[in-house]
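The same chain A turns up in both complexes below, where it pairs with chain B and then with chain C.
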Partner chain A sequence: MSRVLGRIFVASLARRRLATALSLFAIALGVALGLAVQIIHGAALDEFGRGMRLLSGEADLQVAGSRDGFDDALYGRLAMRDEVADASPVVELEVRLPAHDRSLSLFGLDALRVAYVHPALMPQQVDDARRDDVALAALQPDALFLSPAAQAELGVSAGERLDVLAGARVVSLRVAGAVPGAGQGRALAVMDIAAAQQLFGRPGRITRIDLRLKPGIDVGAARDALAADLPAGVAVLTPHAAEELAAGLSRAYRVNLTMLAAIALVTGGFLVFSTQFLAVARRRQEFAFLRALGLGRGALMRGLLIEGAVVGIAGGLLGIAFGHGIAAVAFDVAGGDLGAGYFSGVSPALRFDLAASGTYLLLGVLAGLAGAWLPAREARHMLPARALKSGDEASMFRFHPRPRRAAACLAGAAVLCLLPPLAGVPVFGYLAVALILVGAVLVLPMLVRGVTRVASRPRRALWRLANARLAAAPGQGVVAGAGVVASVALAVAMAIMVASFRDSVDRWLTAVLPADLYVSASPQGTSGFLDPAALARIAALPGVSRTMPVRFDTLRLDDRHLPVSLIARPLDGGKLLPLVGLSVPPSAGEKPAWVSEAMADLFALGAGDRIVLPLGGNPVAFRVAGVWRDYARQQGAVAIELADYRAATGDLVANDVGVFLAAGTSFDTVAAAVRDILGENTVRIASPGEIRARSLAIFDRTFLVTYAMEAVAVLIGLFGVSTSFAVLAIARRKEFGMLRHLGMTRREVGRLITLEGVLTAAAGTVLGLLAGTAVAFVLIEVVNRQSFHWSMDLHVPFGGLLAFAAIVIALAGLAARVSGYQAMRGSALLAVREDW
Partner chain B sequence: MGWRRIWRALALAVCGVLAMPAVKAEPDYPPVLPGTVLRFPEDGGAHPDFRTEWWYVTGWITDERGVERGFQVTFFRVRTGIGEDNPSRFAPRQLVLAHAAIADPAAGRLLHAERSERALDPLAGADPGATRVWIRDWQLAWTQDHYRSRIDAGSFAFDLRFDPSGLPVLNGDNGFSQKATDPKHASHYYSRPQLAVSGALRVDGATVPVTGRAWLDHEWSSELLPEGARGWDWIGINLHDGGSLMAFRMRDERGAALWSAGTLRAAGGEPRALRPGQVAFTPQRRWRSPRTGAEYAVEWLIDIDGRRLELRPLMDDQELDSRRSTGAVYWEGAVRLFESGREIGRGYLEMTGYAERLRM
Partner chain C sequence: MFEICDLKKGFGTAGARVLFEGLSLRVQRGEFVAIMGESGVGKSTLLNCMAGLEPVDGGSIRLDGTELVGLDDDALAGLRRRSFGFVFQAFHILPHLDVVQNVALPLWLLDADDAEADRRARGMLDRVGLLDRAGDWPRELSGGELQRVAIARALVHRPSLVLADEPTGNLDPARAAGVLDLLLECVRDAGAMGILVTHSRAAALRADRILRLSAVGLLPEAEGT
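So, the complex of A and B:
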């Protein structure tokens, strides 16, 4: 393109600075958000994967069972097999550190085997010169070796001591050295496997065996051969499969955030569209003139597309800078999982991600090009002779209502909602959301026409003018209103979804926390537990009417899924669970189990089905008596009666105990009595209210990013409305001049513009509310259900939504009025003479 | 007699304990007392109450083409004193360590490998009752009337059978072998010289049948090395006439003998214990290791009760450098014994404490 044409096209961007800046900013935001999500999760996943690879070391296969582990006699059997070159037994524990109010991953290892299978976990004594001592130093029962990250985070160095919680006892361990191979990214501790078993009350149990196969042994064949030899609930996986399973858990969450970023990007593209569209309308005569001077159709179209691309490139580059900035801040503030808790114990570092940056820059350019496409095509198709005349731009705003297309979109959305997810990602749900939005935008012109018809009943001139204007050029209203529809719909959908979710979580917490006081020895399956003696003493305390011990474990049901959580507690035939749907009481002699919605979805289970749970290394048959709602364990959970668990395993300890107080007993008295029995710092004692508040705080933190992105989407939508009106107002300067000539005051013209804005925005907002509710329904019933496998009750925050709608309409009116005044700043005479 | 390995194992045990003053006092290791009667095959098995114990086989083997090589395989058992009250099967109460090496003149240096494990059935252990020590597929075991040892270290492997030609030779005072002036520094110690070797050896990817003569030492004790000792020199020689000679000396910082002793058995005769005054080691030609810089006397003049014997190595570089794994550095290799210029026997020489000071 010649320099002259460059001046004509690209330079025109500079002439409408505000509109260009807003489009550019919207694209930049979309790119920045998407890129930030990508970088943050990419880095977190990398680090997570590196952590897992570090822990699996050079293992070809990993044998793993439940969190509580399996009989360690299996180790000798597997290690002696012909296929196996080296085997390394592991006891994995989350150890609570009473002095630091956190837990630490601890690996009980055989220091003599570590070097062959996971050299990175090799403990190293402080005094490196005395290499010979390491073997025995690492065998000492009180010797703990900390990774550099753990030493830094805990502020404990070699030679000092670290208190850990073992059962309900605080034990002081000596930090004998480091685990230098663990790198900076991961806080972990290593100690001798026998010492870990004894100290943490796990005699005869290990959680993992890592195997290195002999050279030339086929991993798949060895895996099959080994799998046949394993007890119930123990699976053999390749480290890669284990990593995939773990990463898969957060995939739905990551896709969700990426979708939000995509919405911001699409909005940016839409903004480019609306400004370009109106700019093309305004410059129609200019283009006709250029065409008459010999500019080809193609060159005209290319010029306009380049305008869009330039906005896209600039926005994209700005977005890349923003995106890395956001990621840096997010790593500092919220951690690698943006507060959602998927990657705890992982501290990733910010890196420039060339591939992701390139991709998002390209997406930014595409958004700019897509926004410029329709206006450019429109310009290409105009007839120069006609367009040279004034008023021809009105033809651009002739908008044909397309009821069939709108209906097809909405029907398509309904059908997509019925389809299952692809690889755990609700692809069709997201498509349905997109179709609903498109359908709503297609419905908009019909609605605008309807609104104006109703509105023009009063005989007042202003109303009739507004009506005439909107009826004559509905396209203008559509361009301005579509932004309103999209942003209102998304905001409303998110608001309804989050409100429903929060409300459901709140009620769920009430249902799962029936007791008056909770004593927790191990909040997340950590090293603490309550033995039968401690449980008996708590039950015997004065003021305690009843206790409800809870035992947590995980069960590995097959090698295609992550282990599900096992919750064994008194359930009173399921009455103490937040059940959904029908329940089927098991017949006599059958043991009932209640599965969470996630487990029902993942394992295709329903009430009445038979299910085999590996308890204590043996398969035990249960009947699914019902499905319950669980927001806490996305990989699935199964609840069984504590008595059944104890009968099957002989395991009498508990992780938590819920305490029901006798009437008139105070919480504090019993809490103090429990602390007297168990000691300070060994257990957490909380009321259901505290647990609820804490859980909801976690909930809000999880949705913090969602809220932020939602706000950005609304903001960009409002930008769209105001730029649309600004450009429209400029385009209509002639018209305003005419009205002034006819005797209308500036104030009256301003009121007219405001009225038009309000009417358009009202139509858009009403439609946005309706579309938003539909989208919320899809989000709740399809996207959330398929992503996270949990249901929720629809809860519409009417008050908030109405207030929001009113604000949007008012802001739209204000935006229209401000832009109108700007447009009328010039002389009415000049404005009219422009045409004649 | 495998002292350098016991030294390493003991170094492990002792330094481990010393470095950890908080850990409870070490367990009651039984003392080594004179007058204890050794019985076979029972005493060929492990004595798990004692602190350390080893089975040490060295010898010369010849393949079909007449190539001569030295070999050694050693299994150690160490009672660590750790986890004695721990019911876990992983409790590291007993460790089993193994070293294997081939002295191949074609390679010009030792091929060696080692393993260490906590005793854990069925992976590794040392059985009482009769000789059976193993770490996974490495093993040394007595069955009926012979020993068998299988080692596969990847770069080399052997599967050898050892047939004894006589009764065990009890060293020292009927198997009570004193190591210093203070009789508390002693071990129970017997040897099986003149073992007829048959089996297969794999080096450089080729497996060849081999035959030869070997020597087995079995020793157990509870005491650490005497104070002031820096290392020791030891020989175990199968004499061509069917007799056998074992001799050792403990060295101090300056290289002077702190204690020496030995056992000489004439062909068909009874073993005769050699007192300190009857054994003298005099270094002759020296060789400096290019890897560690340590200097070893690879040729010796040995005075046994007035007989002047000369010791010459199969090859100079028989230093075992395991600094990258366990840190131990010593010389241990196949040697020939000469008297008046005539070769009268073959066996193994072991020299420890030359590369670095003993860490005890």
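So, the complex of A and C:
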């Protein structure tokens, strides 16, 4: 049997080199993409988790509040509690570096406590002779300690100075030493907590307290006890829970990319199907002969499955090598989050991932086996006596239309769309997408028949032949056209989804950027801000009609969610927000708040609900006046009137200020005047157009990986079409030979093949457009909504889609023509004579 | 009339190995000629040369006054379409066309209108005794029936010359005799010419003349050999 396997089955792969190579390559691509995504995110998550553990150190519990922090009196209270062995207060800041156009994580730590709770963040002074005086040196107000990664990235070493932004001032700090325990992967800085509070205008405020419990104390019980003693907006978490929450933010994005890779792998499996199916059709008489010689049905089926598995193994191994290569390049080019911005400050390194590689090899083999399954089953059920007759292979292409199954798939997809996500992942949404694609492929034979009926009007022989072939053997249309349906549907779905997303983001940016000029002290960090004096001077500048200060903070509403963003600015009763759905104006005496769609989803809030926000350490009641669209903060955001914020907190500083210019005033004049007041490099000044352009560039970069993976899937689909037609043309050489005898020219035979290709591709493309629109709807309304919690308006790029459809049909016709030409290159006579 | 004069065909580089040369043949309207020969002597190649499907290395081939040698591929295809009919050993009936469509195929290629093509195809099917199977699929027919469909297809467009290559090779002797009689009858009724290439002496004996192909040409077969 093994000899038969080797010589009959596996050797056949070598005989049809092109088809085998394409199937193998498609599986390799699917495996490579999936594995690369896995390796990249695995390494990034590991490094991210390591960083989180590094920062939490030996702590059993972390007490954390908003970005702006909480009163440090809490530290004294908690440190005195019986359960607590050690407590370490932390001020965590994103510090803007004016000379580097970036920010740096800075940890203000208690130099005397750091060794007990955060040994890895222990600063080390550059001069070894004075090692004993580290604590003393760290206490100096201008001393900054940089991790090796920060030193390398900023090009600053011990003894040099680094400029940081504090408020709207540039302050020069001395790099006094290193933080060797932070390792190579994470850029951060450490300084004395009191110095940090002083320097960055946060006297008496800290952002975190890390606690080490006494031996024998139950962490859960201690956590519950401590939680009861905390002010509003402050929560107590285990470091593991904090890590889970942070990693969970990127989960939906990671699942999305993994799904795209899976699509590439499924397309690879489909390619194995089409080539195996056609190979089985071509070798039907050979199999019948082998069966007549005594080869069992089971052995025949096993042999064909082994062919698929061999393609899967070879493709899988190649894919593992490719995958590691892609991951290495991606680490260099796009970083650990593939450009999406989830793991900034983390520099993961490539390593061989045995478990992931093994899993993806197995998936490659499964794709190969799945692709070979139907053809193998078909061969198993073949009747040798009939199959020995020439022309019996046509029976393989007589697929029966399955309208009920198609309807069941589509109805199933509709039902799945109504189900909620599982653990934040839109599993049912993805299943709905899969069902839509399966349903579309099941509809294909019916559509091909429909197309041939419409197209059978012309009386020309070529049309009649093409129509007769497609009508009598819709299976041919299915085998060759299913690849077109899948590729076109996916490409169309992604095109519609991305176009809708981009269009919605563009309109959203216009809505959230109403001013003419934006002055930003600290776009993402917390070290820069504009004090009331600076705000007043900007407002008083000639040419400024009014200003709109914006204050950003984060609010920790509970210990099950990440902190939400707080945006406090003049909102004109919500008119300055891109609201969606109904608005409920608050009754007199109530303060309005507008929650983002993500916050509404995550916290189950709607217009009219009551919400309590911890402002200035006190719970303040608000009424949800409406829900607004926010594409910037996946963890949720709440917007309130600046006046309400200031009244509740007494905090009069701002992070940004939007400036409305008087008529006839130029942007450059006011920008120069602002720089005169605040100094160069202290703030960023931008027009809404610049911010919009920059944001859309980031959007496009984020989707770059998606585009690339999508392009690969479409490419594999087109490979499939080309291979299908090539193998079909070879399988039909006798027919073409006979037609040449009857007086058809080579050109006419070529035109016949092209026509069949175009008709099949047209049916596939029409169906792909419809299925793609349905998939886009699921992606927009279910997958995106459940993954990222944001809605978008449907925007169909009709022109682009029509052009794409025309190109696919033309390419399919060309692929069929070229394949047919290859098949016809040998003499038609030989083909006819094969039976003589 | 179909006329071959001093035909030469070789194989290998520039036809270095001669398959046959000095080959001449003349077939009159209504005449049916059988060509016999050993395996590998070039019978099928000769048939292909006659149909302009293989180039020749010398000589001339004329059908009703038209010289085939030197015509380009398109002109040859057009000539085959109008003036040739083929019957193959393996039938080569298209499985995705029904019986009447298979017969009408040559008329489609000649751009005949639907009603006319259907009428003539049914007429031919009636002639070969298969009118009641007109709407059936080829898979539902026996080998003998398929060859009768092929004969109908070969004659439906009223060709001048019907070339048959071992038309009974896949049939049992009883069916073979019936099919061959039908072929001869149809060709004669149509006033066409027929050339049959075969191994079978029994088949060849039904022709008007028997020729034997060898490397030196076509020689009349001696009676009783």
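As a convention for this text, the second predicted complex is superposed on the first by the 831 of 836 C-alpha atoms of A that agree within 3 Å, B and C clash if a C-alpha of one lies under 4 Å from a C-alpha of the other, contacts with A are read in each partner's own complex, and residues count from 1 in each chain.
One rule holds in what follows: contacts are C-beta pairs under 8 Å (C-beta built on N, C-alpha and C of every residue); 3 or more make two chains touch, one makes a residue touch a chain.
Predicted model only: the values in this text are computed from it and were never measured.
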item	value
Chain B versus chain C as contact partner of A:Leu465, first or second or both or neither	second
Partner chain(s) touched by A:Leu369 [first = chain B, second = chain C, both, neither]	neither
Partner chain(s) touched by A:Gly743 [first = chain B, second = chain C, both, neither]	second
Touching partner for A:Gly76 - first (chain B), second (chain C), both, neither	first
Partner chain(s) touched by A:Lys734 [first = chain B, second = chain C, both, neither]	second
First, second, both or neither for A:Gly204, with chain B first and chain C second	first
Where chain A meets both chain C and chain B, residue numbers	none
Complex contact set, residues of chain A against chain C	390-392, 394-395, 459-461, 464-465, 468-469, 471-473, 734-735, 737-738, 740-748, 827-829, 832-833, 835-836
Chain A residues within the chain B interface of the complex	72-73, 76, 79-80, 89, 110, 112-113, 125, 127, 130-133, 135-137, 139-143, 174, 176, 192-195, 197-198, 203-204
Partner chain A, residues of chain C touching it in the complex	44, 48, 51, 53-54, 73-74, 77-82, 84, 86, 88-97, 101, 105-106, 108-109, 111, 113-114, 137-139, 165-166, 169
Complex contact set, residues of chain B against chain A	8, 11-13, 15-17, 19-20, 22-23, 80, 82-83, 86-92, 95, 116-118, 120-123, 136, 323, 326-328, 359
